[in-house]
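First chain A sits with chain B, and in the next complex the same chain sits with chain C.
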Partner chain A sequence: MLLLSLNNITKTFGGLVAVAGFSARVNRGEVVGLIGPNGAGKTTVFNLITGSIKLDAGFVFFSGHSLSGLRPHRIVKLGISRTFQSIRLFPHMSVLENVLSGCHCRMQSGLFAAIFHLPRQRREEKMVLNNAMNELDFVGLASKWNLKAGSLAYGDQRRLEIARALATEPKLVILDEPAGGMNDKETEALTGLIENIRKRDVTVMLIEHDMRFVMHVCDRVLVMENGALIAEGTPEEIQKDPKVIEAYLGVGEED
Partner chain B sequence: MDFFIQQLTNGLTVGGIYALIALGYTMVYGVMKLINFAHGELFTLGAYIGFTLLVTFNFTGLFGTVIGLGFSVILVSCLVAVAGHLLERVAYRPLRHSDRLAAVVSALGASIFLQNAIMLKWGAQRLAYKPNILPNVSVNIFGQPMPFIRILVFLVAVFVMFGLYIFINRTRTGMAIRAAAIDQGAAKLMGIDVSRVIALVFIIGPALGGLAGLMAGLLYGPINFNMGQIYGLKAFTAAIIGGIGNIQGAMVGGLLLGLLESMGAAYISVAWKDGITFMVLIVILVFRPTGLLPERVAEKL
Partner chain C sequence: MSFSFKGLLSDRVPLEEGGGKERILPLPLTIAGIAIFFSIPVIFKVTGLSSAMYWLEVLNTVGLYAILALSLNVILGHAGMFNMGHAAFFAVGAYVTAILNLTYGWSILSTLPVAGLAAGLFAAIVAGPIIHLRGDYLLIVTIGIVEIIRISLTNNIFGVTGGPNGLMGIARPTIFGFKIARPQHFFYLIWIVVAITVTLFYWLENSRFGRALKFIKEDPVAAEGIGINTTRYKLMAFVVGAIWAGFAGTLYASRMRTISPGSFNFEESVLLFTIVILGGSGSQKGVLLGSFLIIGLPELFRGFQNSRLLVFGAALVIMMIFRPQGLLPPKPQRYKLPPPWDKMGQNGNSSQAKVSLSKKDD
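The block that comes next holds the complex of A and B.
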């Protein structure tokens, strides 16, 4: 079942064309990798999907809704959530509070109920706290709930970002270099985590430079170069694709 | 010793007023990285609306002291909150994506506009809260007779600050405000409506500022249309002392500045009262621009 479709999306910054008529489809339940040389426009595609930047042309459809012109928090509410290439936690807030901030958009009771501490609000508060702890448990950080997010080890911060993203109850979670800066053991654990995310019926889209990881976790891989899609297929197909090999070898250094 | 206690309570009272105003500066800065230069005028507006309710309409005479005063406090806070919300809509929201300097100019413009609007509405001559609005009783503290109004102002300030502290640190909405202050972009992408957070900050801050205006009128009596300038500047100094963007900092900074000022006036010279404030501002800006409290600027609300 089609979940996300990108139709000819385009974005230019000044004279630079970052994304040039990029089209792609993501089906429900898939784990899709987006790869390409540095500067290919991968993160820009993610920013366009989540509404952080506005499209110059093209359309994004997500489970029957057009996302054009929607503000980021509305898009989150529709069910798209993300993590960041450079970690963007709220460092002074506790681990639990970071996850709770993700739950915020699913809360029903308004300010009025919060101020007067109505029973409905208290029930909801309890439920949200429960959900947040479950998410922490899911990524294996439950025992660190009380620490400041900024004090966590790098790999833990990455996992906390994932927990925070999952707390928004997304249908699609977008991970921007989730294995970046992780050691082999952490990367392996991440593979298991993504497998578990899929089991929760959450679709995953990810950018990653660690090819072994990409080939291992993704059902399908999209390859970008200079803002356009140059190849698409299963990991096996992609590895054999001459255009992909050229794009990578032609650019030379790649991490 | 008596003299010292007198100055101590005096300083804490005026410090409470500074702190309430400073909270408005610091919350807006925390979320928007903008100094709301019109905030002092919202304080003045609070003082004038309070004057209308308590002197012109004689609320305490009509409803009794407690209910009349309570009514006035709530009405002043609500009306100034509405004014603050309108200010954000008209003067700041249209400029949210433009240069930061544009918003600063807009803030200054809004300040001049509000000051003149108040002057046109209530007149350029100074008005005075009547001294008999509250019963003129004193309470003995350490053997010193203390005017009731002073204690009331201090207690209200502390109560409101405590409430705000709980709101910011213990409620979900408070958490959204903190998240937006740390990283607006990330907050948006976690589903937090940052526009709503900004609107909320422009309701809470002005409500506190307006309340401070009412209390300053009750405490000192005379008010005039440009009183917000000097109070605003001092509260801004208080916010800087605590580290701008830092809520606890504004509370501590306000009380500290009030104490410094009253002690300076008492033991150095009354003439130097304002001079001391601004010397403190300069010293802080030169030696510790991030404020006295340990958190870094604007990263923590």
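The block that comes next holds the complex of A and C.
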């Protein structure tokens, strides 16, 4: 079942074409990797999907909705949440509060209920604390709920960002270099975590430079170069694709 | 600007050792303190202090500023928006009350909700187009707003504001037939409103709404990216703060009985801004302390009339250098986990304490 489709999306920054007519489809339940050399436009694609930057041309459709012109918080509510390449937690707030920020968009109580401390607001608060703790437990950070997010180890911060993204109850999570800065053991644990995310019927899209990791967790890999899709297929197909090898290793000079 | 504040904050606040001892005072002492405070008029009367009325007026002024500063705290302290035009909303509330009372004969209390709503509506209209501005830019525009209000009032806008002389002969509030006229009456009225404000804003702070503001203050891009409608929440914070300033305007108009544009100038806004920043941006205790220090303390030093502002300015400069987070900065919020999680983290209730523990582990 088609979940996300990108149709000829384009973005230029000044004279630089960051994404040039990129098209792709993501089906429900897949784990899709987006790879490519530095500067290929991978993160820009993610930013275009999540609405952090505006499309110049093309369309993004997500489970029946056009995402064009929607602000990021609306897109989160529709069911796409993300993590950032450079971790973007709320570092001075607690681990729990960071996850609660993800719960926000699924909560109901507004200003009136809050200022008068109404019973339904208190009930919701209790429920959401439980949900947040479940998410922390899911990524293995439950015991650290009361620490300052900024004080966590790097790998833990990455996992906390994933917990925060999952707290928005997404249909699709977009992970921008989730294994970045992780050691081998942490990366291995991340592989398991992504398997578990898939088991929750959440589709995963990720950018990653760790090829062993990508080949291990992804069902399908998209390869970008200079803002365009150059190859697409299973990890095995991609590894053999001459265009991919060329993009990564360059062309041998012929005499 | 705000980022440097935070950087200093995290560096300089000493980490607490051990957990669960965060209260400055135990609860019974706090209650006793509040009880003593509310019996001040009685104490004054019993002891027959000659300047009792004067000191009650000072406390009333402190209370009014506390309400205003607490309402600014929602905007400046929690949402992190540099609003230096708060006196404008205060002015709208005061003038709405005065006009409804003088021209249409409304009782003071019945003007209260209208004054609040008028100030809130005014805030929604003027803040809507500028809410996306950041830091200093917002600050400059809000200074413009307060000036526009002052000049409009002086120019007798719509012929109802009485021009530079303002409006005179505003009635006293009457509650269940009891006329509030004397300073000790106002003391109770004002400080009960302060207590209500503290309670409601405490609840507001510890809710989805309050958290959203904190996320926006800490990182607006991340907040938007995780599903918070940042524009809407910023605007709502502005409107809530303005509504409360409007309420304070009602109290002020009926207490002074005369209002004029001069009472709602830029300096008032700066004063309120200073109370929040100096006391501890985002902390209600800090804002209350700030109100006493900035409004009450100068009254103690009336003797230095001429050098008062100098001492004041110097104090602020020293504060900003050595304690930019304010005298009583906000504490991290504590959460009581529901079962089955309530067994967790019993070894340290304070996040800061646990931070220090984990640092030792490293």
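By our rule, the second predicted complex is superposed on the first by the 250 of 255 C-alpha atoms of A that agree within 3 Å, B and C clash if a C-alpha of one lies under 4 Å from a C-alpha of the other, contacts with A are read in each partner's own complex, and residues count from 1 in each chain.
One rule holds for everything that comes next: contacts are C-beta pairs under 8 Å (C-beta built on N, C-alpha and C of every residue); 3 or more make two chains touch, one makes a residue touch a chain.
Source: prediction; values computed, not measured.
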For this session: Would you mind checking whether chain B and chain C clash or fit side by side on chain A after the superposition?
Result: clash
Exercise. Of the two partner chains, chain B (first) and chain C (second), which one does A:Ala142 touch, if any: first, second, both, or neither?
Worked result: second
Problem set entry | chain B versus chain C as contact partner of A:Ala163, first or second or both or neither | neither
Exercise. Does the superposition put A:Leu172 against chain B (first), chain C (second), both, or neither?
Worked result: neither
Exercise. Regarding the shared-chain residue A:His73, is it in contact with chain B (first), chain C (second), both, or neither?
Worked result: both
For this session: Kindly classify A:Leu129 by the partners it touches after superposition: chain B alone (first), chain C alone (second), both, or neither?
Result: second
For this session: In the overlay, work out which of chain B or chain C sits against more residues of chain A.
Result: C
For this session: Quick one: classify A:Cys105 as touching chain B (first), chain C (second), both or neither.
Result: both
For this session: Using the superposition on chain A described above, determine whether A:Leu193 touches chain B (first), chain C (second), both, or neither.
Result: neither
Seminar exercise, completed: Going through chain A, the residues touched by chain B and also by chain C turn out to be 50, 52, 71-73, 76-77, 81-82, 84, 88-93, 97, 100-102, 104-105, 107, 111, 114, 125, 128, 164-165, 168
Exercise. In their shared complex, at which residues does chain A touch chain B?
Worked result: 50, 52, 71-73, 76-77, 81-82, 84, 88-93, 97, 100-102, 104-107, 111, 114, 125, 128, 164-165, 168
Seminar exercise, completed: chain B contacts chain A in the complex at 171-173, 175-176, 178-179, 182-183, 185-195, 200, 295, 299-300
Seminar exercise, completed: As the complex stands, chain C meets chain A at residues 6, 9-10, 200-201, 203-204, 207-212, 214-215, 218-219, 221-230, 236, 240, 332-333, 335, 337-338, 341, 344-345, 348-352, 354-355, 358-359
Exercise. So in the complex, which bits of chain A are touching chain C?
Worked result: 50, 52, 71-73, 76-77, 81-82, 84, 88-94, 96-97, 100-102, 104-105, 107, 109-111, 113-117, 121, 124-126, 128-130, 133, 142-148, 150-151, 164-165, 168
